[in-house]
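See the structures that follow.
Both complexes shown next keep chain A, but they swap its partner, so chain B is in the first and chain C is in the second.
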Partner chain A sequence: MASILKVDELRGIASAGDITVTSEGGAATQSLQQGLAKAWIFTTDKTAYVPTGSFNVSSMTDNAVGRPETNFTNSFNDTNIVGSFDGGYNRLATNYTGDGGITTSSFAHYLISTASSAADVASTGVGFGASYLGDLA
Partner chain B sequence: MASELRVTTIANNAGTESVDTTYVINGSAKAWGHLNAGHDAFEDSFGFSSVTDNGTGDATSTFSNAFSNDDYAIAAGLKENSATNRSCHCNASSTTTIQMVSGLTASNSKQDYDSSYIVMGDLA
Partner chain C sequence: MPSVLNVDTLTDAAGTGPVTLTKQEAIKAYGMVDGTGTINLITSFNASGVTDNGTGDITFSLTNSMSNTTYMFMIDSHNENTGHSARNATKYTGGQAAGSFRFVTGYTNNTSGGGTAYDEDFNPIALMGDLA
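Entry: the complex of A and B
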């Protein structure tokens, strides 16, 4: 029988920030909070990087060609933020930069072309997308 | 006291937003880690129990909980302040319990890099 739980906030009992879920195969249990993406961003604006879809992102900053920076609404607990990105065809790496690097409230990307130079996403029909995992403050 | 709640759907109190719990469980990352510049220890991680340094640009990270198969998906990214093409990868020799990772230069030589990994899939 299907059931629906209606709540606005979930909290652990022993620890407010720790709720456990059972694995798909049932052999293990794991933290729910730790596995959730804490922020994500997608934009088709490949030059100014104005977000077209996002979660926990307040804005993006265009620091320079190939150097978009994501600004978080709720800050992370530390700078050990794990980020992944996709910039479409011809982009192989995302790095932090001297233009802010990684802070608890922002993550600066460095989009690099196969010719080893900073470059904005140039391909038609693709955008810039990224997700961020780690511990929120 | 531990307690367990079994539901099919979680919704906000107003009922305007909801998600099937299968998306919560299947859509959560089962492991993530920020590997240090030496490529031999995690600065921070979840779902990994250890890292073994196999040499320059070559490491084995062990999952805390085994996956049900080796078809998990990995997103990897470098944290290097350089415009030079570099990359990091999960190797085909990864199993349900370990993830083999390599850092590669533009000429495909192994190199230690500050890097991040996100692993999605089904746990055993």
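Entry: the complex of A and C
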């Protein structure tokens, strides 16, 4: 019979932030925490980037046309943040070294149109989305 | 009252398999690769290293292998040296193995030199699926 453990919070014993889980095939064990997305944002607001849905995101800053910046509620441990971004239809989303670049508490983005210039999400685009991986402070 | 469970390892009831994370799944490996100069794995999880196979051609190797070669991958490429230049990353033909993932970075089709492999300095990668 399947067992279900109902609990609100999990902590490691040796280290509160480190819990090991077994792989699907049973061949390995590895960290649960490191495999979790630490923040994500999706917004259909194509100009001001007010979050439609988010996790561990306190707010978005609209620095200029095509330059949204994600502000984290809980900061990362360092600036080695692995990010995945989507600017939607006819937009390439990338990181940006301007507007503060990547810090432990924020991540600056740049959206580029097919004309290779800064542009907000296209009117026919769904929105802007991003997820962030790494270690929290 | 909120309950807190202190535990080091979680397994299924048999002690040999994974626990179910209801309606969610963890990422099994990720990395940030700087492909310029001497290739560098800046940060990673469940990665044993990266290999420079040639211009823009990178192999990301795993510590714990995936259980098959049909896992989901997210790859991207940017050139941070130019401030905000988006590049392209694509899976190398036949490059999806259980223990590694090979991909190629380079210019997007709407930039000068479109479709050309090039070493880029900001290449995030993440893999999802079942581990062996």
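The definition used in the following text is that the second predicted complex is superposed on the first by the 133 of 137 C-alpha atoms of A that agree within 3 Å, B and C clash if a C-alpha of one lies under 4 Å from a C-alpha of the other, contacts with A are read in each partner's own complex, and residues count from 1 in each chain.
Simple rule for what comes next: contacts are C-beta pairs under 8 Å (C-beta built on N, C-alpha and C of every residue); 3 or more make two chains touch, one makes a residue touch a chain.
No experiment lies behind these values; they were computed from the predicted model shown.
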| item | value |
| --- | --- |
| When chain B and chain C are modelled together on chain A, clash or fit | clash |
| First, second, both or neither for A:S117, with chain B first and chain C second | first |
| Which of chain B and chain C A:R11 touches, first, second, both or neither | second |
| Overlap of chain C and chain B interfaces on chain A (superposed complexes) | 2-3, 5-8, 10, 13-14, 21-25, 27-28, 30-32, 34-37, 78, 80-85, 92-98, 110, 112, 114, 116, 118, 133-134 |
| Touching residues (chain side chain C, partner chain A) in the complex | 2-13, 16-19, 26-28, 30-32, 42-43, 45-46, 63-65, 67, 74, 76, 78, 80, 83-86, 108, 110-111, 122, 124-126, 130-132 |
| Residue ranges of chain B touching chain A (in the complex, touch as defined) | 1-3, 5-13, 15, 18, 24-26, 28-30, 32-34, 43-44, 46-47, 64-66, 68, 75-87, 106, 116-118, 122-124 |
| Contact footprint of chain B on chain A as seen in their complex | 2-8, 10, 13-14, 21-25, 27-28, 30-32, 34-37, 78, 80-85, 92-98, 101-102, 110, 112-114, 116-118, 131, 133-135 |
| Residues on chain A engaged by chain C in the complex (per definition of touch) | 2-3, 5-14, 16, 18-32, 34-37, 78, 80-85, 92-98, 110, 112, 114, 116, 118, 133-134 |
